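As written, the chains take the letters A, B, C and D, and residue 1 is the first residue of each chain.
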Amino acid sequence: MSMVTLTIDGQKVEAQEGQTILEVCRKNSIDIPTLCYHPALEPYGACRMCTVEVIRHGWSNLHTACTHPAWDGLEVKTNSPVVREARKTIVGLLLSRCPKVPVIQELALEYGVKEPPFAADNPDEKCILCGQCVRVCNDMVKAHVLNFSQRGVDRVVGPPFMEKTRQCIGCGACTIVCPTGAIEIVLEKSAVYAEKPLGPTSAIYVPSLQAVPRVPVIDTDSCIRFRQQDRTNGEIADACGACQMLCEVGAIDFTQKDEIIELDVGAVIVATGFAMWDPKKLSQYSYGKSPNIITGDQFERLSNAGGPTSGQILLADGRKPEKVAIIHCIGSRDHNAHEYCSRICCMYALKHAHLVRDKTGAEVFEFYMDMRTFGKGYEEFYERVQEEGVNMIRGRGAEVEVLPDGKLRVKGEDANLGRIVSANVDMVVLCTAIEAQPDADKIGALFGLSRSQDGFFAEAHPKLRPVETNTDGVFLAGCAQGPRDVPDTVAHAGAAASMALALMDKGEVVISPTTAKVTREKCVGCGDCIPVCPYTAIARVDGKAEINAALCKGCGTCVATCPSGAIEALHFTDEQLVAQIEGVLAWV
Amino acid sequence: MGVEGFEPKIVAFMCNWCTYAGADNAGVARMESPANILPIRVMCSGRVSPEAVMRAFRAGADGVLVMGCHIGDCHYSAGNHRTIKRMPLLRNLLSYVGVNPERMELVWVSAAEAPRFVQVTKAFTQKIKELGPLAQEVTE
Amino acid sequence: MIDEIRKAVAERLNELDGVVALRRWSQGVAPHLFQKGDDLSELEIAPKYPLATLVSKLHKRYPTIKLGIVARGCDERAFIEMAKRNQIDPDRLYIIGFACTAEDAQACYCTEPFPKNLIVGTPPAPGPVNPLVAKYDAMPLVERRAFWKQQFNKCLKCYGCRNICPECFCEACAMEDMAWVEPGLLAPPFPTFHMIRAMHMASRCVACRECEHACPAHIPLTVLYDLMRRDIGDLLGYVPGADIKAQPPLSLSLKQSPLRQGAAH
Amino acid sequence: MEYKNTLTTCIYCGCGCSMFVETMDGHITGVWPAKTNQISGGKLCIKGWNVTSFVDHPDRLKTPLIRKDGKLVEATWDEALTLVAEKLNTVKKESGPDSIALLSSAKCTNEENYLMNKLARAVVGTNNIDHCARL
């Protein structure tokens, strides 16, 4: 694309042919006020705020920067007296129509308009009829809900007959582009992706804050393009696309589909992690009955700088809490839920207490059964939090009650005092248990993994082989095997990775010598053993069974199936079994 | 018909991956299971041929337990499917020749079920105690 | 009927390498392989012999020959089970089936006294179920034990039951395996010896009754095998000899051949 | 493809069970009990079932063996019979006829056993004669 040169406010500026004056100015950080401009939409020149003075061949003229192309040799003045005068008039007219809109008030202030020159027909009017919403709805979203109707002074923007319409998909794009906040959208149901039910994010997001690779994904249930595609059975396949239009490196590709990728691998590390236990299962904690009863996980999100409140710890109504209760062992160490200790809660509960103290200064009541600060530096942190003035109550928080005024009452036994205590607080943080993933059975069946009583995947040996499983080449890492905190998970995962590497590095696999072997002279070739083998290690060769020792895992089911005793389970032969039987019986 | 002071001998075939591990875990957890249980480790309950069970009775066992992974949990995916088909037939056959089929039982105990291992072996031992010695039954 | 069979065999001999049937000798009847040109007036149908065994021997010895067989219902059932286990080649076998007499069916307690490939004769009324099965099934354990102890004590350990059985085609036999049966005991160890055979018969026995005929000690072996046949039917829906496509269920997973409802252990 | 069954009597004992010996191409391939026989009625004992097993057995003796210098050496029947006759004569001369006993076999026919009996009583002059299957 060829380049052109023009002069803006006395400075030579290079621009690409086809760009508008506004685009060139924006690129060169030259401020031009706009109301009806949006980079993702076609310029329309409705609000006229971007009016500039364009001088060509000595002739000066006023044009809207958003629509005028940047021709070679143009001279542009963006802030000349003529321009300012013109904009003042424009702002005056806009203010006369919409005297209460803050953006226009600010512009009026800037351009010296003290009073609206004309009295407004409707002083509450917010719409400046710039049509951005119309363009976004028709050109981008392709929902075709909004348009202009009437003529002249009666002109309005809205859905057909100004009535609620099912054509509206509630995407909210119009509210985003509207410069004056004239459109309010009332959602009948949540149409946007909700992150940990604490606030909406966009339909394109990074799946988790620690995602690797850190690449955003499109939530096709929320994305306007995909929703329109679904709604119209593919008829409208090019709605929105704002992300694609705006992404400078062209990374957005709507044609991408979920793919199943098949890989031949030498080892598998099962690191499927954990799920959070649902505190609704114990109704005494009233989870779900007040927005101010949240889980530790939700608190984590709340206090995150990238979270819905930008890291401020706030109640649902936006106030700062004055009193916060943190309850340990919700669903852990509980015969009504999980009997095991989730191992991570004590430490994050202390951290949460510290954050509440630090960020809000609120009074913190921490209900704990006993404090499990087993790691390096953990006990020291516990002492520090105690010194920060957190009220430690030794005893399980027994009940959370939502009071009529919205406050929360936490009851529990203080075992040190030996009596029931209660505290009225604004916010309750439930330190819920971590548990095995709900689909652990499927993963287990896939890899032949057994699970321990707590539901997590069982290691080959609780003490001596904590990383391996009973399936060769399959290793466990992290909470898939049992609750553990970050340093332990890192250590466990490192061990799993090195075991997997060690296995592959050898280049050869050591198989167990407990395989089955056919004595050809005894085999009559009946084939009863062939369908028994789960590894298809048995085949009939020259009318007799033959076992591929590399495939055989040595279960011995074929041995017990063979009526002739023609198959021998090496290391578990019939003779060895009999010797054991006679041995154990002789011993008694 | 129990016999005074009778301590039965019970041969228990245990699969390597589930029950043997479960028994091991019971031991690690210091749970007490009856000493009457005489464990014989096999790789899979599917390895236990009816002949082996009969041989155990023949060699003087008063009861035989065949123990393995729960259906669906088999380390070899379906070895125990053959066990669950074979053993009821054998149990019936025992009864046809007049041996009390209660002397033989097929039980699934997973590696995680140490308490179940203890409970199952205790109950079975008690049952065999009440049935009395097999030799008495066969030679009477 | 025998003339019709002879005629059918004569016809078939033109296209087959031989027909397995019974032949009358000067002093008795024995299995025989009739070939083209043989005197078919010597062909007999009684007393019955397990002819499937002979077919298997011939098929193995002469890997290309096509045989015919003059078969009863039990013969046909026997080679259905044998074919599943690779002991005969069904593609090299032509069945000239004939129906047993009503007396045969009575004597054998045969519930299906005719083959599916019935060429000669009409199906007789099926024989009754062996009344001993119900009788011993109803006995208390102690009586059963007493009964079988007495029966098995007569056992000469001649292996006649196994030798005559068309389904006992193994090269090596578990009943001779020193791991399972201690050698040198007569009568053989109770009840292991007979239980091993009964267990193996569960998915194989086609109720031809040859074992019982061959037993010099007159042990009612088929009572035990009938019970096992009943159990495998109840448990897994398997009837030995009924369907050449049905795989032996004890070799299959639960997915391939599930346990019948209510039949679980 | 020659198939034949030969009716015969079990040679192992005096019961006289009847059986067919099955041959294929001249090789013994098995035994069928003779169901039509009135004596054995289609039943055999373990000996009858295995009666043919020695026929093709590699360990089967095909000629007489005479021990020479501590080793068994194949010999002709004439050599062997002459040697036995000489030795029997010597023993009879030195220790009398009752120092000799004769054992006959079930594998022989009745006629052969009768001749053995004659040999014992008339030739050797002793009543010390018995039979392996004196059932």
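By our rule, contacts are C-beta pairs under 8 Å (C-beta built on N, C-alpha and C of every residue); 3 or more make two chains touch, one makes a residue touch a chain.
Source: prediction; values computed, not measured.
Enquirer: Among the remaining chains, which ones contact both subunit A and subunit C?
Expert: B
Enquirer: Can you identify the chain nearest the overall CA centroid, using each chain's own CA centroid?
Expert: B
Enquirer: Average the CA atoms of each chain to get its centre, and name the chain whose centre is farthest from that of subunit D.
Expert: Chain A.
Enquirer: By the contact definition above, name the pair with the higher C-beta contact count: C-D or B-C.
Expert: Looking at C-D and B-C side by side, B-C shows more C-beta contacts.
Enquirer: Just give me the whole-number Å value for how far the CA centre of subunit A lies from that of subunit D.
Expert: Their C-alpha centroids are separated by 94 Å.
Enquirer: Measuring from the mean C-alpha position of subunit C to the mean C-alpha position of subunit D, what distance in angstrom results?
Expert: 35
Enquirer: For subunit B versus subunit D, what separation do you get between their C-alpha means, in angstrom?
Expert: The separation of the two C-alpha centroids amounts to 53 Å.
Enquirer: How big is the gap, in whole Å, between where the Cα atoms of subunit B centre and where those of subunit C centre?
Expert: Computed value for the inter-centroid distance: 34 Å.
Enquirer: Return the residues of subunit C touching two or more other chains; collapse runs of consecutive numbers into ranges.
Expert: If we look for residues of subunit C contacting two or more partner chains, we find 174, 177, 179-180, 250-253.
Enquirer: Give the residues of subunit B that touch two or more other chains, as numbers and ranges in rising order.
Expert: As it turns out, subunit B has residues touching two or more other chains at 50-51, 55, 78, 82, 86.
Enquirer: Which subunit A residues reach two or more other chains?
Expert: Where subunit A meets two or more other chains at a single residue, that happens at 532, 534, 561, 574, 577-578.
Enquirer: Among the chains present, which pairs are found to touch?
Expert: Final set of chain pairs in contact is A-B, A-C, B-C, C-D.
Enquirer: What part of subunit B is in contact with subunit A in the complex they form?
Expert: My answer: residues 7, 9, 11, 17-18, 25, 28, 36, 38-40, 42-44, 46-52, 55-56, 59-61, 69, 72-73, 75-79, 82, 86, 110-113.
Enquirer: Contact residues on subunit D for subunit C in the complex?
Expert: 1, 3, 5, 7, 18, 20, 22, 24, 29-30, 32-37, 42-46, 48-49
Enquirer: Taking the complex as given, what residues does subunit C use to touch subunit B?
Expert: 136-137, 141-149, 174, 177, 179-180, 182, 189-192, 194-196, 198-199, 202, 224, 227-228, 231-232, 235-236, 249-255, 259, 263-265
Enquirer: What residues of subunit C sit close enough to touch subunit D in their complex?
Expert: 17-18, 23, 25-33, 35, 47, 49, 57-58, 61-62, 65, 156-160, 163-164, 213-216
Enquirer: What residues on subunit A touch subunit B, complex-wise?
Expert: 445, 448, 450-454, 458, 462, 470-471, 514, 532, 534-535, 553-557, 559-561, 569, 572, 574, 577-578, 580-582, 584-585, 587-588
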